[in-house]
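Same chain, two partners: chain A is paired with chain B first, then with chain C.
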Partner chain A sequence: MKRKNLSFYFRIYCKILAQDLKSKMSYRADFIISTIGMICTNISGFISFWIMFRNFPSIDGWNYYEILFLYGFSLISLTPVQCFFDNNWSLRQNVYTGDFIKYCFRPINLFFYYQSEVFDVKGLGQLAFGIGTLVYAWIKLGLGFSVLMLLKLIIFLLTASLIMIALQNAAAATCFWIQNSFYVLDLAYRFRDYAKYPVTIFSKAFRFIFTFVMPIAFIAYYPSLVILRPDQIPILSWLSPVIGVLFFWISYKIWMYGATRYSGTGS
Partner chain B sequence: MNLKKYLTFTRAGIIEALQFRLSFVVMVAGNLLYLIVVYFLWKAIYASSGTDIVNGMTFTDTLIYLVLATALFNFMEMYTVWEMGRNIQSGKIVLDLLKPMEYRNLLFWSYSGGFVTQFLLTFLPTFIAVSIVTHGAIHLGINILYFIISVVMAIVINYNIDFLVGTVCLYTESIWGINIMKQVVVLLLSGATVPIAFFPDTLKTVVYWLPFQSIYNAPLSILLDAEAEPKAVFTTLGIQLVWCIVMTVLSKAFWKTSLRQITVNGG
Partner chain C sequence: MAAIIEIQNVTKEFKTLNRHEGLKGSLKDLFSRDYKIVRAVDNVSMSIEQGEIVGYLGPNGAGKSTTIKMMTGVLEPTSGEILVGGNAPYKNRSKNAQEIGVVFGQRTQLWWALPLIESFRLLKDIYQIPDKDYNEMLELYKSLVDIEPLLHKPVRQMSLGQRTLSDILAAFLHNPKIVFLDEPTIGLDVSMKAKIRTLIHELNRQKNTTVILTTHDMGDVDALCRRIVIIDKGKMLYDNDIEHLKGFFGSYRTLKIRVDGDMNAEAEVIKTEVPDFKVSSDDEWISILVDEDKSKVLDVLGLLQKSHKIRDMQLEEISTEDVIKKIYEEGVQ
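Then we have the complex of A and B:
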């Protein structure tokens, strides 16, 4: 058999992606409404954010534009999970009905094949919204611009996005044990809303939890410090790419372990 | 109306909910974590604002408001839109329409068991926890009675809005998009994410004329305002009653006209 390297998987992904988009396009109304729904979500998130800051000029020493920067950063870093890993939401149904077994019989990586099946176009709207917010905050803060900064930003955004992907993978994988993982997934999903606030608002114990156990602080807070406050970057910020990769790897292992435990429904 | 046939559904619902005990544990734990985040976030916000009272609400008020709003949301969210959407897509709705009970009632009462379990297992514990943590900041008196009446009406309004939106699925065959739009609009404009007291004046006026604030803001403000004049309380309840009637009539009429043009695949 041919060795399955990265380019092989890339070609497969493109093929599956094309099929998925075609099938999505056949439900055009649904597609348009979902996109509008996604835009509504972002606008409403922004409105509640704006309402809060109308009343309170700063949170814990972070001014409006700095928090806005965090907000934009978190929106961008949450895009990959929305776009590429949306099939996690259907995992519990697939496991419950027994459809999951079909993925087990393909001669490619199980995790890859399962996730590649769905590409969520709605996430692109969020990406645009996030970039807009980030650029606006960037200009207002007068951070300046250099190629190095852009490079840093991109690397930190990519690795930050791994955190949410890891959380969602792990949450979805719980369905291999507890059947109905919806509440776990929903919980993980709700936590991303809090990723946009500086972790310093929490007490010591929870700061620890949100840094190491449920690492939502790495979605926006630690990585954006590298750009926002370049003269006092904590060591954790530099470590955030490592932590992103590490958590992703752990979640991948959990997911795969769950999948190997899967015994089908017998039908 | 023969109540007994409806109560059978309630009983079945309770039994069904008790089947998924582990989901329950996860949900309660999840809510707890969520509430902790809310607590620290608003504590930091109030600490940075420099004053104790913002827009007539102290930190304790805001906390109780938001915590109970979340508890109410968990209690009232019936996932009606999902249920209807799924039934429409799968064609199961045809079987339900044939049953000797109006579909609206069928759907409502099949969920009613959830109300009982949710109330006992999430709302009540949250309520007790909050009143202990805030050292009895919730005034226990006649306002509890008004609160209960208000919540019952809120359930009716919420259900009818859900049913109205669910009916739209007959035309669009889109579930996710419709549901997310509804959820976002309801949560923001009902004051569940940010208390309506914080809204800018123009928005406050607009929101006041919409049905959404009757769902979360009305019962919560009745509960929190211990020294409210009876007149103010009855105005709030009156507005809720008007919305109850308007939304029931609207959703009923919309359902009736839509039913004529339903197309269902097989089933």
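Then we have the complex of A and C:
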């Protein structure tokens, strides 16, 4: 048997993805309706955002376009978790009914196999929306452009994505221990809304929680500072890539540990 | 030949909370540390050779699924040792998975939205099956069952029978050394059952695949298994050939007769004439359970013919189902 390296998994993923897209297209109405839904969600989110800023021209020293930048940044960084890890939402159901056992019989990584099963196309609409917002804010802020800045942006976007994925993995994995874990997952999902705002607007206690307990401040705030406020970057911003990788690794371990504890229901 | 599965003194225990009744009891449970240990599998040992089809039987909750989960690497035994193809399944789940195929009753492991052929192609990549072996296997499948209409049908549109068939084919696809089939014929119609039995039998014969089959359908056992293992309450009750099992309770046959006159009264008379055997009666038949080690059925019939006017008769062999039922109810002496 050949060793299963990264390129093996990449190839498998692409094949599963291609098949998945093919089958999704066959449910045409479903595809169109969910795309429209996604667009509406984003537009309504944007409108409430805009109304708020008509009344308060700046929040804690952050002007409209800077907040818009943060908003776009968080939308883009939420795309991978939406696209590639959406099956986490079904984990609870799979564990509860005992269907999860089928993932244990394949000679490939359990976490990979489970997540590869679902690719959520809706995330792509969000990505387009996020990029549009970010570019618009970037131009209005007159940030200029250099290859180094683009590189920084990409690295910090990846970081932010990893943290979001880690949060969701850990929240979803709670279902291996507790029955009604939906609330945990839902809580993690709701908390990410706060990622769109500068963490300095929250009280000290929440600032601490969002930085060290549920690190959502790393989803957009700390990374954005690198681009937006290059003269006053806190050490936490530079640390965010490390924290992103670390959190992802921890959440993966928790998930896998939960899965091995799983014993399945009788049949 | 070396054993492909070696199980030695395996025990599996689960810790469960002692639950109390009622709302008050539930509140108590929240803080209770009152656990009890349930032994799902109790000191089981067996050794299975390459190419065998073993029927793994037992009533519901006997510990069958738990044993299978240990052999497939999903559960770790509390004590004892399991070796599947020389590997400890739990310690090396991924490697073990390469050597086995699993079908779990009504839960499909195929990709729900994909046509069967696409599922096969994905499995080919996941198990890294060489082109040649893959094509040979598909040719073999085509010669055994009519899979053409299934290949391009999404799994979600299949009937239960078609899906089970597809799942079995998928489990054999990478030519594993062992295939575990957990109630493969549950809920299927008679002709589908027959088709699936033939398929399993042929794949076992042609590929020399070891098959571990759990079922409640004795038709499966009669059609496929030469050896059966029976387990109840976690303990092993029986492990031997199926022929041996039938002789286990002596060689019984049931003689049914219909006589002139009042059946119940006649039955009472017969009871005194053949005191060694169990006699029962309903409105249609008088049944006599004859132990052929004591006297032959024909002798009993001859005896009864002298004093009764026999209008009709039937002879019933004891079935595997009867024997298994007897074991479940009474255990093995």
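Going forward, the second predicted complex is superposed on the first by the 267 of 267 C-alpha atoms of A that agree within 3 Å, B and C clash if a C-alpha of one lies under 4 Å from a C-alpha of the other, contacts with A are read in each partner's own complex, and residues count from 1 in each chain.
Note that a residue touches a chain if its C-beta (ideal position, glycine included) is under 8 Å from a C-beta of that chain, and two chains touch if they have at least 3 such contacts.
Everything numeric in this text was worked out from a predicted model, so none of it was measured.
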For A:C40, is the partner it touches chain B (first), chain C (second), both, or none of the two (neither)?
-> first
First, second, both or neither for A:E117, with chain B first and chain C second = second
Name the contact category of A:F202: first (chain B only), second (chain C only), both, or neither.
-> first
Classify the contacts of A:R54 with the two partner chains as first (chain B alone), second (chain C alone), both, or neither.
-> first
Quick one: chain B or chain C, who's touching more of chain A?
-> B
Touching A:S23, do we find chain B (first), chain C (second), both, or neither?
-> second
Chain B and chain C contact sites that coincide on chain A, given as residue numbers | none
Where on chain C is chain A touching in the complex?
-> 14, 61, 65, 69, 72-75, 93-95, 97-98, 100, 102, 104-105, 107-109, 111, 113-114, 118, 121-122, 125-128, 154, 182-183
The answer for chain A against chain C in the complex is residues 1-2, 11-12, 15-16, 19-20, 23-24, 26, 98-99, 101-102, 104-109, 117, 262-264, 266-267
Of all residues in chain A, those that touch chain B in their complex | 27, 29-30, 32-38, 40-41, 44, 47-48, 51-52, 54-61, 178, 180, 182-184, 186-187, 190-191, 194, 197, 201-203, 206
Please give the residue numbers of chain B that touch chain A in the complex, ascending.
-> 20, 22-23, 26-27, 30, 33-34, 36-37, 40-41, 43-45, 47-49, 54-55, 172-174, 176-181, 184-185, 187-188, 193-194, 198-200, 203
